[in-house]
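You will see chain A twice below: alongside chain B first, and alongside chain C after that.
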Partner chain A sequence: MANVTAHPYLKLADPAGFAEVPFDEKKRLIDKVVADPRFPHYLYGCYECGICVAACPSARFYDFSPRRIAQAAARLDIELMFQQMEEDIWECSQCFSCLRCPRGNNPGGVITVMREVAVKEGLHSAKSALEGYSRIIYKIMSTGTQVSPDMLQPDAFPDWGPEVKDVSENLALWRRALPPETHHTTTTGWEVADSTILELYVIWLETGALEMIREVDAGIHMILEEIMEERLEEEGIEL
Partner chain B sequence: MASSTVAVIGGGPAGLAAAASAASVGADVVIIEKLGFLGGRPIEENYASITPYLRSAEEAMGEVIAGTLAYPAVSVRLNTTVTGCTGEPGDFTLALDGPGGAESIEVASVVVATGFQHFDPGRETQLYGYYEFDDVIALQDLEAMLKEGRVTRPSNGEEPKRVCFIQCVGSRDRQIGNEYCSKVCCGVASKEATEVRLAVPGVEVFIFYIDMRMYGYWETQIYWPAQEKHHVQYIKGIITEVLPKDGRLLVRGEDTTMGRPMEVPMDLVVLSVGMEPSPGTRKMAEVLGIEQNRFGFIEAPKGPLDTVATSRAGIFAAGASLGPADLEDCSSSGGFAGARAAAVALSARGALR
Partner chain C sequence: MSDAVAVILSKKSSFEREPDRRSADFHEELFALEAAGELIVQRVSDDYVNVPTKYGIPKKIQRGHLWHHKSCGQCGHIPGYSTSIFWIMRKLGYDYNDPRDQTSCTAWNYYASATSNQAAQAAVALRNFAAAYETGYFPLIHCGTSYGHYKEVRNELLHQPELRAQVRKVLGKLGKEMVIPEEIVHYSEWLYAMRDEIAANSILDLSKVAVTVHPACHYYKLVEGDAIYDPDVWHGQRTAAVSGLVQALGAELKTYSTFFDCCGFGFRHILVQRDFTRSFATLRKIEVMREEANPDVVLTHDTGCVTALDKSQFATRAHDRNVGVPVMSEAQFAALSMGAHPFKVCQLHWHSTDFRPLLEKMGIDHEKAWAEFQEDLKRLESGEQQYLTWADTGV
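Moving on to the complex of A and B:
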């Protein structure tokens, strides 16, 4: 019970099992969130009316509450915000239904900022949240399209029913049946122009998106770097 | 012979407004004040500033006093109390007890503006330790401190690192018998919380509440700035008890909206005490023979559209003698009661058209 008095609002000494993270480190991370130029525009003050929770689709399926996000941020509660960075923020679907807040808060926006810090800092939660998406990250960053037709294998999507099997067996044929010629592809969602790819690579590079991937998935980062390096060097751009 | 004088009992914000209002339409006015000075609670209790704009209470009340006394028709009797009342509208006789001994005066009508007193947080069984711990104080104690330009812990004179306000002390409580909301404490606590944040660098300030009731413009005059600009922390949940621990005060309660119990050490605990009828209000109701409600405030039997008439014709009430009231309420009802009392006085001398 000692920590209860040391840190207000903390019910348990170790609520989420992250006790190994020192307080100063938690504070460093939360300071980054608060220092983000968007933060003061996303969070004014919360009178805990719950309208954001009522509007939130994630709150219907998870023990997730945009109100708690806003409250913790308004109180600058380091322990709770850190706990939320390790857990809650990954349950948000970023639909921004919470924008109907009468105080003008944007809990979803606060989560955006928290997620960015979590990813950039390589937090455990960011890694595990993005784990299932490594193939999608690879696809979208290397080709600019997200889910490609050849990813639709029956074993990957058993709940899609028996027709997936037929489609996947004759994929190229089915794709050619689609009217737009740009959809006659199997390894990408649609035909992507070379100039678009180049532009995307430059964006990943310049915005730091490629660097963010390094923190959460070093393997994917290495593969992407190789692909991008080759194409960018042709244009005289150093990675 | 019928008198044309309005007697105003009580020289606080409501009484001063009533006197100025009656004098401005041509009545003679006598203000009868128990204490040796005018200004009422804000002066008597050393308020630092008035809600919502943080203006100096002394300065603001000084202006009201000067404005009222500028009417030649207004006279003041300090250190004087009313001990009896006979007669009827237009022709009352008030028995007074003042520095010159007992006497009686003829008046046409009366405005009772005898106000409230702060709830005594040691009176009931609440476990807040007001008389036990030096660092448990009430709103008016903090006002007096702020007026001296400091915020310190009475126990050791040091600046507090963490301060909390506990709302609804003596209000909205069936066990105590004060079931009403005292109306001003949310705003006053938020105002004082803001002042504490401005006075002590780095201090953390919490307000533990049941409902924050900051009606009308107080929402953006006080509440939102306190929270958004001054980072006062509002926690929905009332403290059950205050305990001493390692030279600090441990407050125990539930953070209801977060769904967890809390025990937080504080350096200074401020009890947001509510309003009760002042002894003068209770006494005047008895002396003047006017009805009180079950809380002891003066009853306004005509309801919301006539807020100042009492159960006795020719006698009106204003301000916090009628129930919890902020300064806006006091000057509004004071002005209304003053005009109504003046109408009786002017009609008594045949001057009312």
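Moving on to the complex of A and C:
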């Protein structure tokens, strides 16, 4: 795989920055992106029409372009892809409006894969983007539901209006006022069976999903690992 | 109408994209894998409605006996959303299963934080599908992101033998079989399929209610071939989900120029970078609708879209922006039209943007309804009754 930033049509020899990171290290990370089985299904070459940019919500409010993502990936531009992993990928909305691409490219999908590598390798951008996100990772991995009623706290969502305070103050009572029998919970969206949660723990451990967060959030990884292993041991489930 | 316009519209009466964009029909590969003993296909029962999809492949929507794959965002923060879906089903007399043996699809996290991987996502999906299969009920997916993601997972499983092997191994440890349903069905497709039956049960005149629709990106952009397109709705140029139901209910369906735009939810952004979500949801969607269509309500069909469009308006109002359009799912709107209680069923007190002017226009006395709900709450508080039940909602 050639370092195509040396190509004469690029104006600068080092347009992407991050000179302190050795090229081999950048290449090692990009190789992981390219090796992902989803990658070849997400990229068919870009002819720079810009339809993806026109459709992209993030492009309207950030210095972000799905076209640059597709171009860099199509050229396997190691320097630029690394820069994007550190600077761009977390701005994507993951709405997949870019699938409007007439070539069938999926820049949002390429970003999904780049993000996974950034998380697994503990890149600075991943740590920064996921600051304040730990409680959500904890919730989804430990309970099997991501959004819970008790997350609606006025100090967390002051911009959502006074109704958040109403919900928070009346939470237990208002949850009891929901007719579906599964909805009376406050710490999860619905009542998830204990056996179901144990099965989810097996999935997180067996597929390496839990291991993925070790680099990016060691604290939450340790807590979750302890909870999962303890619960599975109690139930006599061996992996 | 001029001749030229008539010619253009007639050409648009059936939507044809260039052949190289046409999605392949996944069923062939699905059934081939079943024949090879690799997986089980959970079949749609004989009681179904055929609906048209984007490239003309018919899709079967099972009427009843459905396993409700709930949405964490709906159940957690917009509980009137899921309650309305259940209520409509009960009102129309269709049986269902509201399982405890169900996890979230975990895709909100996958798209927000990337702290998951392909195998984990596929295993979560297939664990849920196996749980549905074990009950004999057919899965109905409440969340647009779950729906879109599960279609992605299906494609990956159909085309990647290594992934199938990996997921099979995990499911083996859980004692579960590898099951993929014959169709992956979103609740809004069920509402579309049942729209005439729902309209026949509507008790309100909605002809003066102006409605704009926000279609969910993960419904019709992610694995686009499955989404419903109907020549009778937007001339087949836009998905018919939500809009088809609005038409059937007799409300005034209005267009606006940013129909195809995302809501700005962003998965990560709605939680930790809401300045982006708020800007996009209000400047590109709500204000544009307001200026071009002046709707009484915007209806959508996904967890994230209701959240982003509804919750973003409060802070934006402080900047004197042209906002103030109530937001809800079409399930809640349809339930209201069928006589559902705005607070006991539709749980509108969980919403942020003022919905009362809409209720007034629909002919619903919200003050009386709120007083009734307060009486219910008193009974719950006093211990006279532990929970509100379906019997309290008339179904």
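To be clear about the criterion, the second predicted complex is superposed on the first by the 216 of 239 C-alpha atoms of A that agree within 3 Å, B and C clash if a C-alpha of one lies under 4 Å from a C-alpha of the other, contacts with A are read in each partner's own complex, and residues count from 1 in each chain.
Heads up, the rule we're going with is that a residue touches a chain if its C-beta (ideal position, glycine included) is under 8 Å from a C-beta of that chain, and two chains touch if they have at least 3 such contacts.
Please read these numbers as outputs of a predicted model, since none were measured by experiment.
Once chain A of one complex is fitted onto chain A of the other, the partner contacts of A:Phe157 are limited to chain C, with no touch recorded for chain B. Of the two partners chain B and chain C, it is C that touches the larger number of chain A residues. Shared-chain residue A:Trp190: touches chain C; no touch with chain B.
In the superposition on chain A, contact is made by A:Leu76 with chain B only, not with chain C. In the superposed pair of complexes, A:Pro107 makes contact with neither chain B nor chain C.
In the superposition on chain A, A:Arg68 contacts chain B only, with no contact to chain C. On chain A, the surface touched by chain B in one complex and the surface touched by chain C in the other have no residue in common.
Looking at the complex, you find that chain B touches chain A at residues 212, 224, 227-228, 231, 233-234, 236, 245, 250, 255, 257-258, 260-265. By the touch criterion stated above, chain C contacts chain A in their complex at residues 21, 70-77, 79, 82-83, 86-87, 98-104, 106, 108-120, 123-124, 127, 131, 148, 156, 159-160, 162-163, 166, 169-170, 173-174, 176, 217-218, 221-222, 224, 260-262, 264-269, 271-272, 274, 276, 278-280, 284, 311, 314-315, 344-345, 347, 349-352, 373, 376-377, 380-381, 386-390, 392-393.
Across the interface of their complex, chain C is touched by residues 36-38, 41, 55, 57-58, 60-62, 90, 93-97, 99-100, 102, 104, 112, 115-116, 118-119, 126, 129-133, 136-137, 140, 144-149, 151-152, 157, 159-161, 163-164, 166-167, 173-184, 188-193, 195-197, 199-200, 202-204, 206-209, 212-213, 216, 239 of chain A.
Residues of chain A that touch chain B in their complex: 4-5, 8-11, 44-45, 47-48, 67-68, 71, 74-76, 80, 103.
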